[in-house]
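First subunit A sits with subunit B, and in the next complex the same chain sits with subunit C.
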Partner chain A sequence: MATAQTLRQKERRRHLWIYAGLTPFVFIAVFPIYWMLITAFKQDPDLYRMDNIPFWFNLAPTLRHFKILFFQTNYGAWIVNTMTIAAWVALITLVTAVPAGYALARLRLPAAENIGISVFMTYLVPPIILFLPLSRVVAMLGLQDEWWALVVVYPTFTIPFGTWLLMGFFKTVPMEMEEAARVDGCGYLGAFLRVVLPVSVPGVLTAVIFAFTLSMQDFLYGLAFVAPGDQKPVPVGVPTELIRGDVYYWGSLMGAALLVGLPVAVLYNFFLDRFIQGITGGVGK
Partner chain B sequence: MTPASLQGGGPEPTARAAVVSVAVPLRSRLMFQSQTSRRLAFGYLLLAPAALYVLLLVGAPFVFSLYLAVSDANVGDPVATFIGLENFRSALEMDVFWIALQNSVIFLVVAAIFKSILGTSLAFLLLQDFPGKKLIRGLVVIPFTLPIAISVLAWKWMYDSQFSVINWVLSRVGLIGQYGTDSWPIWLGDPKLALLACIAVNVWRTFPFSAIVLLAGFTSVPLEVLDAAKVDGCSFFQRFRHVVAPMIFPILMIGFLFDTVFTLSDLSVVYLLTQGGPANASKILPVLAYQIGIQAGNLGRGAAIALFLVPLLAPAMFLFLRNLKRREY
Partner chain C sequence: MTDLQQAKPSPSTFNRRKFLATAGAGVAGSSLLTMLDAKQAPAQIKGTTLRILQWSHFIPAYDTWFDSKLTKEWGDQNGVKVRVDHIPHLELPARMAAEYAAGAGHDIIMNGSSILTRLYYKSLADLTDVYDAAGKKHGGWIPTAKALVEAEGRYYGIPLFYILLPMTYRKDLFDANGLKAPDTWELARVAARTLKPKGHPTGIQFSQCADANLNWRSVLFSFGGAELDPSGENILIDSKETREALKFAKALYDEGMTAEVFSWDDASDNRYLASGIACWVHDAISAYRTTEDTNPDVFKNTFIGMEPAGPNGKRVNTCAANVWMVWKFSKNQQAAKEFLTHMVDTFSEGMTSSRGYNMPYLNGLAKKPMPVIGTDPKLQILQDFPPIVAFYGYPGPFITPIQEVVNLFVLPDMFTRVARGQSVEDVMKWGMGEYRRIFAKHKRA
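Take a look at the complex of A and B:
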């Protein structure tokens, strides 16, 4: 009995040490987000006074910054742009990466493994090398200065990643299922559509989420290809349009950033392990 | 050789022996053959859209950027002529190019040191079991999951020349003086601090990534293998050196290389915080390539500067590829 108690005490002490060690990390990670949050709801006079303790409200919280955001800027349009772009990118990624991932994983194509790796390698070609030639491509398609340009360009990184991810996923689907379907008279297409796809919904969903969150992580393409104020996606519009010369609307800026950033961060959070598995090649474990 | 072709080739000798039995094996061989080609045709058909997209919008642009780099293309004049290595030569003659190259390397190395220290300590903490682990892990990885252009804004506000919350704390603690005095750091306006301030943001954003990759590495080591080594009389360090290290090394390598590629080629942190200033103090290659290629409209020279990243990235890419293939088989 006594030993059990000391054991429990020991365990509790161990936990306390771990929490103590983790506290600085959590603080470093979360403080900027807390700071955005509180800035977004503070009144201007409260933001620009240094004699008060700035970590809490010294004046009543306000929604004024959000009003400015929605009524005096293109923020609403940016949100719509962001969502529409992401939806199109997800769709393009799906109709290309799902079949490609399946073909590479299951149809015993010669050199499938090498093709898969080459496709994935293109994910590592950084936008900074591609954006100048792509600006010509965008101009050729007549899409400069429209958000459609980004619908064309974002799949350059979502397709390679999605294909790789789904390739790993399809490898985990038991082969017998397809064979049984084929014995039952399904063609290759039938087996794929009616048997493999329905059990692959989680993998496909993951690919959609990544098409969405990876599009949100872009800044360079949006900056380079979309100039008109009402055509930008949120991550580009907020830093380029809400800063006018040297005047900073910090409250609105932080509000705008958080309102879109946090949901994306939370969503990404749930799929982070899949992302890490994807890039480290340990897919389908 | 595919299984189907093996089976298709098998019955052939018997088919020659008896006339009656010819029909069945021949037909089955044909069927197998047509099945193989049907399967391959179907496979390539499924692969085609993704492959075409990547070829047309990554492969072709990459080749096109090589072409841009040896041409005098600019935004105003779409007809480009070949000028050889002139863009590379003139880039090498720009002082700012060398500053940017140096800053890029400093950025990469200093950031890597800090994020590996922070990432490793965090990974060891998260390796333990304790109540609330999921929540804490979720909180700690937020910097990595937040869109970068958005979190940089928070830092820009925290680095504000007058209302910086960092300075507020430092001033209250007594480490620095009041606003307006010499000891009041202007993080983004001081040539000595600007690059460091940008590096800090990169470290903040990517140390959770290092930690999670390390964790993935550690958890990929099966406990049975460790137990087996223990039973065989391996000491802790032997186990680490001969069992854990070789198993997690490929994963670490890939994480490291990923981070190298993204840190070297990311422009958003520096562009949004300082635009490379003050006086080029925080200029890095991607920002320079953007400013010359898009803002100054000199596509050729911009492409040439961006391509200087390739020799920096190529070893990383090569190692990555080798690692990946070794893991596959």
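Take a look at the complex of A and C:
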């Protein structure tokens, strides 16, 4: 009895230490979200007065910033544009990077390793260098000032990253599984679709999430290729209409960031285990 | 002069191509003048589309007026469909580069902060006819306007308005402490020195932002300093006046500011004033308007003063310029020119919509009382600013190397280095080195 109690106490103490150690990290991670949340609901005078306690409401909360966001800007259209662009880019990345990653990892192609590294290197070329030549491509395709331009452009960085990520993941799938499938009568494609792909879901999912979030983060390409207010994605639309010269609409800015950022954070959370599995899939190979 | 495209040597003889170009320009010019005189657009622009790219104005109501009234009414009147797109003003150069590379994009493009007329002029439409006609109609341009848009004797942009950065101060704090209004930089320094210990310091950005570029130039030029000579060929930064301005900035920081100014951005001084802390700021009237909208108690004691004078009584206010240009690749240059003319003619309406932000480059439009600021007792003083307005490069032109100096924040960095404790002579050496390096690079190009 006494031993069980001691064990429970030990366990409790251990948890206490663990949570005490985690607390600063949680605070650092959560504080910006908390700050966004209260700023989005604060009245402007509450934001600007230095004699107020900044961490809580000193005046009654307000929905005014969200009214500005939804009724005086194209925020609704920006969200739809962003999600649609991200979905298209994720799809294009998936359709391209999965076979590319598989081919480079499994088909024993000559110089596959170097090709893989080269593909990844293209991901490292900064957009500030690429946006000028790409603007010619976009103009030639007649896509200037339409969000479709971004569906064409974003895969230039999501495909190399996805390919490289999936290469690492496909290498972790035991060769024997694929060989067994081929012994059972599958061709390359059949073995890939029936055996390799199902066990690679965490890697594929990670590539999709990355493609999705990388598309949502871009600013420069969106700025360079899409100017009409109703065609912009969130990262370009928000600063355009909510930062006017040196006047910042802090409440609406924070509200805009919160509404886009929170669902993505929740989405990440749902797939966290698979995401970690996908990210670490190629480690050690 | 350096450009993206190198100039080709022109033939000395008057050949067929030159004849056609001259004749074409003559016909276009005379038709524009006829059109302006008739106040009606020619039939050939009917049914066309005009695309305009500009910033998001400080005042949302100005954009509403511009997008929904000005362009719509003009478009309906002339049978032109007008589309206006907005992007943040600091991002306009990136978008301009993309459109230049693509050879396609908007017909009219605005520049604010970074005025790139001289960088792109070979790819821009010649707007000399519009510029001259507007000057003739509205009493001439202020002297400093020309340098923003002129290249090789022609005009490639229309300066529509500029934004002042006046002295904005807390009269209640000044009165309570027996301080004189900050009519000189020395009085401003005394006020900051007196009020900082009482919890009311001042602040000017010692950082890399647009306001720092503008404010420290106002100090420098008011102290008698200069950036370029009128030819644009000679750098004039290395002077006794610059050294005096740097020493003044160091004293102002030590006595009247706190270290947060090293991390300030363009909006920080707005917040400083609106929060009730600052005793004065030197900023666009956005600071005044932000205070009006967020802190009525502070606002009722917030006043705007004349640009502070330097030691010899000189006053120079370095302003944020705005210029509109037309791409040469635009297929609708005629409509673009007609619209720019209309923009100039409706300036006063625009100034009202902007709540007094937009200041005119044209003398005839700067007559008292000006819209909004002419009827507001606290803002009336702004009407006296046009004669002391300057832009980057003052008293020289706003040429491409100066634009790079501005973009690299060389001058604010000089002031920051001194405020952080480097010796004035070391900073002068570094600053002159940067100016010379940038100018030499452009000369080589």
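Just so we're on the same page, the second predicted complex is superposed on the first by the 223 of 285 C-alpha atoms of A that agree within 3 Å, B and C clash if a C-alpha of one lies under 4 Å from a C-alpha of the other, contacts with A are read in each partner's own complex, and residues count from 1 in each chain.
By our rule, a residue touches a chain if its C-beta (ideal position, glycine included) is under 8 Å from a C-beta of that chain, and two chains touch if they have at least 3 such contacts.
Bear in mind the structure is a predicted one, so any value in this text is a computation, not a measurement.
According to the stated criteria, A:Ser135 is in contact with first (subunit B), second (subunit C), both, or neither; which is it?
both
So, A:Pro239: does it touch subunit B (first), subunit C (second), both, or neither?
A:Pro239 contacts both subunit B and subunit C.
Can A:Pro61 be said to touch subunit B (first), subunit C (second), both, or neither?
After superposing on A, A:Pro61 lies clear of both subunit B and subunit C.
In the three-chain superposition, say which chain, subunit B or subunit C, touches more residues of subunit A.
Touching more of subunit A: B.
Does subunit B (first) or subunit C (second) touch A:Gly76, or do both, or does neither?
neither
Taking the superposition as given, does A:Pro174 touch the first partner, subunit B, the second, subunit C, both, or neither?
In the superposed model, A:Pro174 contacts neither subunit B nor subunit C.
Now for A:Val247: first (subunit B), second (subunit C), both, or neither, which partner does it touch?
So A:Val247 only meets subunit C here.
Identify the partner contact of A:Pro202: answer first if only subunit B is touched, second if only subunit C is, both if each is, neither if none is.
In the superposition, A:Pro202 contacts neither subunit B nor subunit C.
On the A-aligned overlay, A:Tyr48 touches which partner chain: subunit B = first, subunit C = second, or both, or neither?
both
Per the contact definition in the header, classify A:Ala224: touching subunit B only (first), subunit C only (second), both, or neither.
A:Ala224 sits against subunit B and subunit C alike.
Does any part of subunit A touch subunit B in one structure and subunit C in the other, and if so which residues?
On subunit A, the residues that contact subunit B in one structure and subunit C in the other are 47-48, 50, 131-133, 135-136, 220, 223-224, 236, 239, 248.
Would you pull the subunit A residues touching subunit C in the complex into a rising list?
Listed in rising order, the residues of subunit A that touch subunit C are 44-45, 47-51, 72, 131-133, 135-136, 138-139, 144-145, 220, 223-225, 227-229, 236, 239-241, 243-248.
Taking the complex as given, what residues does subunit C use to touch subunit A?
For this pair, the touching residues of subunit C are 53, 55-60, 83, 85-89, 91, 94-95, 97-99, 101-106, 163, 210-211, 265-267, 270-271, 274-277, 283-284, 286, 289-290, 293-295.
For subunit A, which residues count as touching subunit B in their complex?
So the residues of subunit A in touch with subunit B come to 14-15, 18-19, 21-22, 25-26, 28-30, 32-33, 35-36, 39, 47-48, 50, 54, 92, 95-97, 99-100, 102-104, 107-110, 113, 115, 117, 119-122, 124-137, 152-153, 155-156, 159-160, 163, 188-189, 192, 213, 216-217, 219-220, 223-224, 234-236, 238-239, 248, 250, 253-254, 257-258, 260-262, 264-266, 268-269, 272-273, 276-277, 279-282, 285.
State the interface residues of subunit B toward subunit A in the complex, per the touch definition above.
It comes out as residues 2-3, 38-40, 42-47, 49-51, 53-54, 57-62, 64-65, 68, 118, 121-122, 125-126, 128, 130-131, 136, 138-155, 157-158, 160, 162-163, 165, 168, 179, 204, 208, 212-213, 216-217, 220, 250-251, 254-255, 258, 261-262, 264-268, 271-272, 285-286, 289-290, 293-294, 299, 302-303, 306-307, 309-310, 313, 317, 320-321, 323-325, 327-328.
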